[in-house]
Every structure is written in structure tokens, then in C-alpha cells.
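Read through the structure below, which is laid out as C-alpha cells, and then see the notes.
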């Protein structure tokens, strides 16, 4: 009908993909990015029906219908918090598809040197990607222990399985020697390696690992593309391979970890349990704090002695100005005994030029916390310590700022220092609390810098 | 039976404050407490009788009947012995007792089997912060001290570059960086002075710097229990003296707030040091009441010696009577929470750490050791 | 005349650079949506799967091809839907609904 | 022949300033001028005789001989008529002449054929900025006015959130945003008050906001030549009154600085307005000298009416004598540059715009029209 | 000898070029970027000697030697300020080379549809690029009037020449009709169009135009590459074409102009002459102000009433902190009558927390200006007006801050507003003065933002 | 099998994207050095000129080819030297010498 329509369409597809990816890498245009990519994908799929020599069209339509509807419905139904595992599982599907294509390719073509080699590589990577992604999914979904699964001799075993995968892969290239069983074993080892490699990785590191598998899937698709001589697949796959690799590095860096460390250290395997207080302290980076602020509808700042020590008041004022310029209302919650002298916070904030109508004392603001998106606790400790609500605590009887009732709390402090009272603060372990470590002045500066980029 | 809380006009000289402000009165009357206020009690702090009566207080002109009806008498300073005699037996007095200045009154309380809580003895635990009248009044005192220094100084505090030459900023030195000292630092800095401060407690260093001022470091750590300072060793005193000496001679204004509770204030500035100061400099001695941090201080007076003006104000918080009364009154409100229950009835739990700590006279006995010695030792 | 191999290498190379350059300097918050978005893009594998199935001859090939199409379709639609939902959070005001 | 410049101790009441400070004396003597200083002239401003003599001045104890030797007499206020009689004929007097208060002295100057330059008449051109003693003294006056307001107020100016409740910041209203008014704004803001200001000149609005304070806008523009304000029309006065009335009733402290040169100060606050103010509020009236911006102002005194304290200070700059003298002295130094040449000789160019503008008495004639009317009209 | 070595070498060349360009786009790595590109170029040139079927090797070496040595020596000798015209002329040479290659191509190959068309396009673009660049060079070098050269009917003439170029280009593709003369005319029209197009563009806009010709040369090279089937040229040329186009847009944007405006509006043709004051006001962007600051060894800030009006004191303090964190000492020069009340600047700077030891009055600092790299005049006007030194001026007799003696002065103001005195300020027209327009607070903020990126 | 045309299009397309992405978000100060640097990069035209001259037959072709080589070489060396000198200014401390 339309003889070679698919070639120019694929070119357009690629353009759209790149534009889409470009837009997705800026917060303001991100949303439209996926639309571009989505449109391109729809066209590419449609035009493929007109590929020369296509059979099994009904089967194809049925396959797309089944896979498509499951994927769509599942993705729309799950809770927002379960998104990471969804990414993992869909990525695994892509890897699986790539592996399957390579398998078909290896079964049909009676070998053509380079192309077969690429198909084998695609198959191996696809296999690792699908099984690894599935394990990642299971762990994140809680259907498998989130903690790293380790056993003695784990590393050697993994290396042996990897070598076996490679060996069988090479064998497959020699149709004379290898048969269907070789191919089967090759796939089994590849899939096995994906599983073994993922077991020792803990839940917290999963996003990095998923990103890695995502890049791998991209690579596998590119290799399939080569062997199919389909440059749309080559370009899109390579694009994802490169972008995904860099993304993996960036994500690891944002967690202050190296990739090697994530993959091979079984991080968190020996995590200690805290006797008394449940939950754990969750560090946060200034970049992410900035984003939380950028998308908040209301912000309250609860300053304390640490703001005074850091002399961060000017920076805090600047942050407030910046947020207000983005139409995000900011209030200050001034606790009666914050700091080390009566009115300590007033003096500092006045010095920084914060106008009085921003300041609210405990009684005026406590009711606001439950409706507040983000509370910044800047160097305050005792005055936000929920222990004060408990009889018998050293802080008992002091009315506190109810910051723990807010949707998100970010606590700025340098390290493990305690407040004036010297007692531990369970707020820091709460689910909705994140810790931003570092001198308050520096941390606020960094947030300002990041906010300006958004 | 609902408790009757009474406030009489303060009689001590220069005392413009009042123990309860209308805002707090209305909270008390709402919870069923009967509040008696002497006519004109809040006058000098600019709280009118009208404001009190609309807050639910009964305004009484007869001082005697107020005193005789009170279950709880709220004061800034204890009444004269003669007036204490008018109080019912077992009546409660709450306020600053300043035992050393009011020996006779305390004795009378003991004789009359009154119960007296001294706010200056409230332990400085977290729960008691809202009752800490020492802090609230020191806050105001520190603020006012900086104003007094600026007022007596023949110089501008801030730096000004003008067509008529550049005025260099004044150097203000704060000795003793407790509550009052910190507030004085903040206020002097607000006015544009270059501020340095010194305290024997090392922890004060961080606090001083947290207000943007410079801390004079001397390698001594002398913090004792409860955040109060201990007395210094002679050698420490000497080193300190040398450093302070130097800083004093450079200063345009010195504000001293050093105190050691229950003792005479430490002597930080001698007569010779004053003679080494620049003409026109000013010393404001907040410790005048307890003997003064400067040798030349005349409590309640102003001394000019060698072109240096030495101000020894008594009761500085009393010079900001409106807000000083408001804060004191809030402190009392919190304290009354330990003495009066939610239905407005008397319910004193003498085992409570705060009440135990601040109980000075009870049941014909002086409960505070130092005061007991002071009162009965003299007997 | 340049060989197909080198052409392919140029293409892969440039695609890799493009991918790399697009991602540099991306804010941390966009890591997850970008991962998800690029996950969607390699859904192009569906095209390969369709071709594989379309050209498949033996039942085994058809079976594998069919599986590939199903998985590819899952990748495409799931990847799109997930990315879309994540990115919805970036539209101000609507941010609360997603949760 | 080198000129002889003389400074006698100021005799007018409460005047602590001195016309020359040692720093400026030394500049003069270095250029060959002979400087005579009466012993104790700088005492109250904390400049010692010793400092003057090391700056090169001759310290004289005999006031009469100082006056009789002076070619140029530098003053803050003109001397009494009897002392003017002691000056040589053709001697020059430089200083504030305040003609309305010193009619007799001016007449005497005329009779004695003296030359008198009035610093308050120096035209406000760029070149004269460094001689603008009105500005330099107003700067200090504005600063001190804010301190006086803080001092008389029974309230804290800054906001404080404490365990004893939250203190709301005081509202300070500045009426008249000239030099003194702006400085009062800056100082009150420094102390933490919420500051509003009002002036009839529209240009003042931007200046007030440039200090971070709020400007009360009224749609009037009444700027006359030289940056001074003109008098208002009755209708304008009424509108203004309404707005000011409202703001005054809300204020905890009002500082008024409105002046119209050569006339009585405009009346901004009436007795009824005072009665509408909150108890405990304070008015500091910098215009007390020229009749006061408040009806109740008592020049040089403090009036308490309806729980409002009205302070009408005279000569506020004189209360910061050290720096006020320094700035005044720098102004004189610049002015002397027009009267004395580089070799220290008298060289008066009566055509100079500044000298022409400020010349009040010369050669037996009163040169300033308004003053002439004042002095000779009364004759 | 090494049969197909050039193909992999070209691939490596491309990688190096891209890396080099990438590095050149960050201030910190820029220097090394040109090294990468330079290395790659050297290798590519060397390996080309082994291209199959090469003759005329001596001629090639001689040509390289001549061109190379002239290029090198000229580039090293000229003054730093003449760099823009050097870029122009070297770019023109590249365009010329591209045109010449296309000419050879068109002469030899007896036409091959698409490839010839690409060669023609390359030739046209190359021709426009060389002549345009030469004109740009002449203008910048001052060998030609810098002002736009305009005449009535200029636009129609240009359009006719362009159409003629296209027409002859099409003709060239038909060897049957076209001969050598057609080709010659084609080149003459192309070159002519380059000249005509550049004449009406003024000196200030030249950088944008040079960038445009740079992008065009890149395109021409890519087209030659297509017709030569040399993918190194295709990729490098396209790279430069794309990067150069974007750069052209960015440069125009930085000047607040559109490309169309730059090319066709003869901007500045009707520039008025200022009767009294010599020199012109030179606007500067915050980005460039940031760079001047970043590479300064000493900075003085002279604030005035405008800083107060803008309430920029907090931002200024922040800028000072930032500069000091980069070890650049900063002082404030406080003029006695800056602002509108005595001590106005003191009050504001104290409020912003600038410490007193940063403040210097006129007498203390005036001697420092001649040794100061950058002076920021933030909303001051009268107090830095050199007119004050002249008898008879309204400002005469007021001692001023001698900021005009500093090496560079940046004046922050909103527009053409005058100072309190209402007189014009000749400082703004001085050679060493640049104007940063906009509200002082905004401008300082922008500088801070840019400085943080450096 | 994909045609050479499409391969070329892919290459040009991706090269364009790479060039574009490299330049986005570049600070204003780098505009001039980048212009100069990319000017150097299209000096690769020298390679084309060498090939043109190398394969030239007639004297006319040789002459044009020779001119092309000279101009290409000028582009390369001049472009390099200029860029190098401009970028030297970005090394702190040395900044003063360049002027």
C-alpha cells in the first residue's frame, strides 16, 4: 500500500523521542515530554503493520491487546507509592521482549556473523534485565524480603554463572556445535544471573538498580535493532542505553554511593535496629528539599537555636522571598523558648528583615500544621520534640510546635547533636520527616540555588 | 468554694508594675476565680480600672478589705509587715520575695502562718519556663539597659558617614551574658553599636556569637548546676580582670549584668579601671541592686567620675511597666495553674517539684535554707 | 564508499551522545520520571517484536514472537501510563490528587 | 596677618555643645590660623582643655579678652547683647542665629557693625552640603528623638515571642520626613518598631520607603523651592488631619518633626486627637522650639495628659554633645574655607552664593529680609 | 599501507570533537576542550594522507604549510581585542574551502542527482559564508565603515541576487544546459549575496552575524561531506551547523534582539550623536558582569540612593559574601551624601549585616580606585559624577568618589533617570564603564545566580 | 535493508541533536569562545580539501583544490590558535596577561 512509508516514519519517531526526552529533563516541560514520546510510539507501532512481508497480523493485534490492556490497567490502578516497582516490572517486560526477539532471530537466521553476535548479546542482556527487574519488583512490592539476601561465597557463584552465560552465548554462534538446548541453557544462565545479581541488593538501593536494568534493556533493544537492521530500534535503544547509564550514575551520586558499592556491597544487610524509637532517620539532599518546596502549596519555617548558631537568618529570609515570588505562602512558627534568650528568633529575623506579619507564635500557628505541605525545622530541636507531650519526659509540660502533624517535615541540623535538654527527638524518626544534614546556612543556600534552577 | 485572688497596688518606691493585667484577669475569672483588684493598681502601667472591671475583676478602693479577703495575694514585692498582718491565716502570697531586702516581711509571714512562694526560686526546668519571672523581667531589663546606655552616652551608637564627617560606631561591652546580657547585646547591636561580650560560662560564647556579637574568650569554664555561674577562683579572677580591664578601657559604653544568685554581685570594674576609660563613656550596672559590678556604682543613682557616667538603675523592668507587667502576669498565670485547679478551687500539691522549689514560707516555717538563715540568724 | 558497519557505528555513537547530553544537568527530582520515561521509549522493542512475529514461520517462533509482542505491549502501555502518572505530580495544584 | 578665630563657652541653658572640636582646631592652626578657646568650652561635650591645647589652641580663662581679640567668633547660639558689645567692630560671627529668639543680640550686632553669618540660612546647594549644620544637627536630633520615644514608652518597641507571651511590636508614627524624620524612622526601625511616616512632600514617600518604612499617602504635592515645604491650603489641611488623626490614634509613639522654615510649626496633633490615643502612648515633638506640632506640647517640658506623655524637647542634638559638636565643627570648618584663605588670612568674597545667602548682618545693616522685619519692625 | 585506517580514525575524531565541544561549554573545562578537538583534528588530517587513491601529496603538504603558518602566526600576533574579526576571517576561509571543494566536485563528477544537489548547496552556502565573513572582518578591523551601509531599494536588490544564486544553482545541476560559465556565474552570485547581506549590518551586531556564518560554514562542510561520502565531515559539519545556529540565537537573545532584527534592520544606522559627551553607553548583561567579577582581584561597591530605592542591601550583602568566598576582597565606598539622609547607606548596610570594617568613606578609599579591577556603582549617580570636578557645574565643589579611575566600572540603574541634582553623568559614557540596566535588586540577584554557576 | 539516504538522515539528525544539546544552557561568557571553537571544528573541511586535491586531475581542479587546502589549513590553525588564546583568559591569574 504505502511501500516504504515506515522508514521516514521511523525518522520522525526518533525526532519525537529525542524531543520528548529533552522535554522530560526540565521540570516545566516534563509533562509534555511523555506526550511527544507517546505520540511517536503510536505512529511507529501503526506503521509497522505495513512492514513488507508481515504475517500473523491477528496474532499481533491480539498480543498487543492483551499486553496493552494489562499494562494500562495495572499502571492506572496501583497506588502512587508503588510506582517504582511498576517501572521495574515494565522494564523487565521490555527486556523480555528483547530477549524473545533475539531468540526468534537466532532460531530463524542460519547465522550471519556480526548480526548473530549482536542478537546473542541482545538476548543475554535482555535475559538479565527481565529476571533482575522481576526480583526488583518482588522486593519493592514486599513479596520478597527487602533486606539484602546474602550467603557465603555469593560473589564467586555469581561470577561463575556470568561466565557460563558468556560461554554458552559464544557457543550459540556456532550452529554446527550448538543446538536448541544450547540456546535454552544460554537463556537459563542469563536469566539466572539476573536473579543472583539482584538478590543481595537492598530495597533502598533498588531505584539505582532499576535504572541500570532500564539502561540494559535499552542496549538490548539497540542490539536487536542492529540484527533486524531497524534503525529506529537502534537509535531509541542507544538513546535509552546512554541516558539510562548516565541517570544510573547520577542517582547513585545523589545517594552518595558508587555504582559498584550499590551492586556489590549488600548495603544495609547489617542494619541495626533502634531499641526504643521506631522508624529510621531518612537523609534528604538539598535538591530534593528544593523540589518538595517548589511543589508545596504552603510552607512553615520553625527556626531554633541552630539557625542562630549558623547565623542563617539572612539566607532564610532569602529563601522566603524566593518561595513567595513563586506564590508559595510561607509563615514562621516562633516557639516561645526557641533559641537561648527570650525573643532570640525575633531579634534575628528582624535583623534579616523578615516582616512581622510573617511571624506567628505557637498558639497562632499550631492549628495550621496538619494542612501544611512542608515544614522546615531549621536548627530547632527541643521545641519540636513530641516527647514533650509525654508525662515523665524531661521536656514534659512544655507546649511544642506540632510540626510532626504536617505532611512533610525537613529537619536541618549538622549531625547527631541534641538540643538544650539533651534528650533524643523522635520526630526525626517519623515517616514524614527527612533530615537535611549540614550547617543550616549552607543547606539553605543550596536549596536556594536548586530552587532557582527549577 | 471558688478561690479569691487579690492584687493590691504595689507600694515600694518606683514600682510601676502590677502583678495581674486585665487579659490574665479575664482568663482567671472565666475559670471561676474571684479576682479583687485595688483601684489604681494598674494605673502606672497604663492598665485602667475600667479594663480590669470589664475583664471581670472587682475593683475595690479599700486596701484593707482586699488584703483580708484574699486567698491568694499576687505581688511584685512582698507587702510591708503591717499589711501582712491583715492577711488571713493560711493565705498564699506569690511573687518575688527578695528575702534580703524584706526580712521583716518574711518573718511576719512566718508568724502569720502564711504560705509564700518566691518566684525567684522557681527551678529552671523546662516545665517551669513559662513561670520564669526572673527571665521575663531580665529580658526587659536588658533591653532597657541598652537604651539607658544610649541615652546617657554623649555619642551616637551607629556609624554614620555624612557630609559633616564620618561618625565611628560606638563600642559597647556587655559583661555577663545571661538573659539580660543577651538582650542588651541584641538591643545595642540593633542600634548599630559594635558589641563585645564576656561571661564566665563558656556556653555563653556560642550564644553571644549566635547574636552576631564578639565574645571575649578566656579559657575558663565555670558553669554550675542549673545554668547559674559558680564563683571564680582568685587566679581566674585575676586573668579575667586583665582582659576585662583592656576591653573596658576601649569601650564607649559598658553594660554589666553579672550576678551570682544569692550572693553579692561580682566586682568587675574597679575605680582605677574607670579612671582608665575614655571621657564620655558610660557604665550601666544592672547588678546595682546586689552590690554592683562596678566599684563606683551607686544603687539607684548616677555617678560621674573622671568624665565617666556610671548609672546604677534599680528595677529597670519597672521602667517598661506595661510589658513588664504583662509578662509577669503571664508568669503568674502559669504558676497559678499549679495552685488552682480547673474549677477555680485551691489545690496545692506541695510535692510538685516547682512548688517545692519555690516554697519560701509555709505553716509557720521558713522552708528555704538560705532565707531561714537570713531571717532567723538575725533574730 | 563507507561500509554499513561504520554507518551503524556513527549512528550508535551519536545516539549515545544525544542521550548523554540530554540527561546532563537534570535535577534530582526528575530522576524517577526520566527513568520511567526512558523505560517507555525502549518500548520501541514492540516494533521489533511485531516484526519478529510478523515474519515468524514455525509455531515455536510464533509462540516466542507472541510472547515478545505481549511483553513489548506491556512495556509500552505500562511505561506510558506510569510516566504519565508520575509527571502529573509536576503540574502544580493537581499535585495533591495523585497521592 | 593671620586671622584669630575664637570659641567661647556656650552660655545658653542646656547647651552642652561646643563650636569647634580639637580635631578641627588642629587643622585650622596648621594652616596658620590663631585659635582661642575658652577654658572649659568643650567640657560638657567631653573635649578637654588639654585636647584643645595639644591641637594648637590657646586656652584662655578670661572670656572678655577672648571676645575682644576675635576676628571670627564661632558659636552655636549668638552671645548675649552685652557680650556682643565686647567684640571688635567688623568682627565676624558664624553660627546659628535663631533670629526670632535673639532679636536683641541681632540688633546689637547691627549697631556694632559686625558681620554675622547665619548657618541656618546656608542655601541647600550641592557645594554647601558639607556646611549644612541644620542637616547635621537634625540627623542627631532624629536619632535622639527615637531614643526618647523608646525611653518614655511603657512598652517594648520590638516584637518578642517568649515563654511569658508574645509582645507585639510597637507602632511608631513619624510626622514630617525631613532629615530628622528620616533618621528617626531609621532608628525606630532599628529598635524593631513598625514604622509609618507621613510628610506633605510627595518626594518623601520614596525616601521613606527606601528606609523600609510605610508611607502614608495623601494625594497632595507641596514641595516648594529648595526642598522645603510650602504651607498647605485649608482643604488639604483638613484631609491631612483626618488621615493623621487615624494613624495617631493607632500609634504607640509619635515623633513629629514637621517644620516650615521661618514660620510657626504646623499644628498636626490637637488636644482631642491626644485624647483619642491609647493609654501609655508617647509623643515626642521635635518642633517644640517653633511652637510644636502638638497642641499640648510644652517646649522643654513633659506633659502627661489622658495617659499620653508628650515630650517637647529643646535642643535634642545638644544631648549627644560629643558627636553633635564634632559634626557642627566640621560644618564650620567647611564654612571657614569660604572666609579664610589657605594662608590663614581673612578673605571674604561677599559675592559667593553661600556667603550671600547666609549673611544676616553686615556693615550696620540687616541683610536678611525676614530678620530685618523681625528686628526693625519691633523697634 | 594501513588500508582502511581512516574510517575508525574518523569515528574517533568525531568522538573527540563532541567531547571537546562539550568541555568548551563549561567555564571550568573550556580550556581543555579545544585541546581535545585539536588532537582529533591533527589525527584526522594525518590519516587522510592514507586515503585510497591520493595524488598531489606534495601540493597538499605545501598548501597546508602555507595556510597553516599564515593562520597560526596571524592568530598569535593580533591583539586580544581583535579576536572577533580573526574568528570571522578564519571562518570565511572554511567557507571558501567548502565552496572550492564543491566546485571541484561539480567539475569532476558528471553529476549524480542527489550528491550534485548537495554539492551545489554546499557551494552556495560556502560562497555566501566566505564573502560575508570577509565583509564582517573588514568592518570589525576598521578597514570599512562600521556603521550599517544602506541605500534605497536595498532589500529588493538583495532578494534578486539571492534568487539569481538559486536559479543558477539549479542550472548547474543540468550539465547538458550548463557549462563552466554557468558555474562561474553561480559562484559570483553566491559570493555577491554574502557581501550584500552583510553590508547593512552594524559593528555591534557583528558577533551574531559571525556566529551565523560559522553555522553556515558548518552546514556547507556537512553537505560537502555528503557528496564526498565522508561522514566525519558530515557529522562535524552538522554538529557545528546545529550548535552554531543555537549559539546565534542565544547571542541575539543576550542582546535582546531577534535574528531577523539583526539581519535586516540596519540597527544603529540612525544613531544620534551626543553633542557634549563623547563615548557611548555600553550595556552589559548580568552574566558578563558576573564573569568580570569572578576574574577580578579587587572589587569596590559604591552604593547610592538607587540601592535604597530598590531595597537591594540584602542582596548586595549576599554578593559580597559570595565574592569573599571566592577570595575576592570587597570594600564599600560610602560617599558622605549618598542617599537622601545623612548615614542612609550606613543604616541600610547595617540592616543587611555588612560589618563595619567593610565600610570606607571617601577620604579613606579614593586612593584605591586606580588599583581596583571592578567598581560596582549600585544606584549611585551624583556622588560619582565627574562633572563635580568642573567649575560651574551644578555639582561643582562636591568631592566625589573617583570611581572613574578604576579599571572597570559597572553602573546599576533602571534607565535614563538622573540623580538628585538632575544633571547628566559623563561617567556613564566612559570607555571603562558599562551599564547594567534594571532594578538594582534584580540585577544583583542575577549576578549572584550567574556567579554561582562559574 | 535500509537505504543509504535514511542512514545519512539518521546521522545528520543525531549530529544536529548532539550539537544542539551540547550548547543549551551555556553561559553568555562562553558564547565567543564556543563560536571560535566550533569554527575550528568545521576546519575538518581541510580533510575534504585534501581529498579533493588528492583526487584532482585537471590543472583547474588542482588549482581550486590547492586553494581549498590553503583555506582549510587557515581555518584549522587560525581557528585553533584564536580559540586557545580566548580560552586562556579563563585560567584565573593569567587573566590579566592576555589583555
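Quick notes on this structure:
So that you can tell them apart, the chains are marked A, B, C, D, E and F in the order they are listed, and the count of residues begins at 1 in each.
By definition in this document, a residue touches a chain if its C-beta (ideal position, glycine included) is under 8 Å from a C-beta of that chain, and two chains touch if they have at least 3 such contacts.
Here the structure is a predicted model, which is why all the values come from computation and not from measurement.
Graph distance from chain C to chain D, where chains that touch are one step apart, equals 2. In summary, the chains found to touch both chain D and chain E are A, B. Shared contact partners of chain A and chain E, listed by label, are B, C, D, F. Among the other chains, the CA centroid farthest from that of chain C is the one of D. Interface residue usage between chain B and chain D, two copies of one sequence, is largely shared: over half of the residue numbers at the contact are used by both copies.
When the interfaces A-B and A-F are ranked by C-beta pairs in contact, the top one is A-B. Superposing the C-alpha atoms of chain C onto chain F requires a rotation of 180 degrees, rounded to the nearest 5. Taking each chain's centre as the mean of its C-alpha atoms, chain A lies 69 Å from chain D. Work out the mean CA point of chain A and of chain C, and you get 17 Å between them.
Counting partner chains per residue, chain B has residues 129-130, 135-136, 139, 158, 160, 162-165, 167, 190, 192, 212 touching two or more of them.
In chain A, the residues that touch at least two other chains are 18, 22, 231, 235, 336-337, 342-343, 347, 350-351, 353. Of all residues in chain F, those touching 2 or more other chains are 7, 10-11, 14-15, 17-18, 21-22, listed in ascending order.
By the contact rule set out at the top, the touching chain pairs are A-B, A-C, A-D, A-E, A-F, B-D, B-E, C-E, C-F, D-E, E-F.
Within the complex formed with chain A, the chain F residues making contact are 1-3, 6-7, 9-10, 13-14, 17, 21.
Within the complex formed with chain A, the residues of chain D that make contact are 158-167, 169, 192, 194, 212. Chain C meets chain F in the complex at residues 4, 7, 10-11, 14-15, 17-18, 21-22, 25. Those residues of chain E lying in contact with chain A across their complex are 314, 317-318, 351-353, 449, 452.
Across the complex, chain D is touched by residues 334-338, 342-343, 345-347, 350, 353, 356, 359, 361 of chain A.
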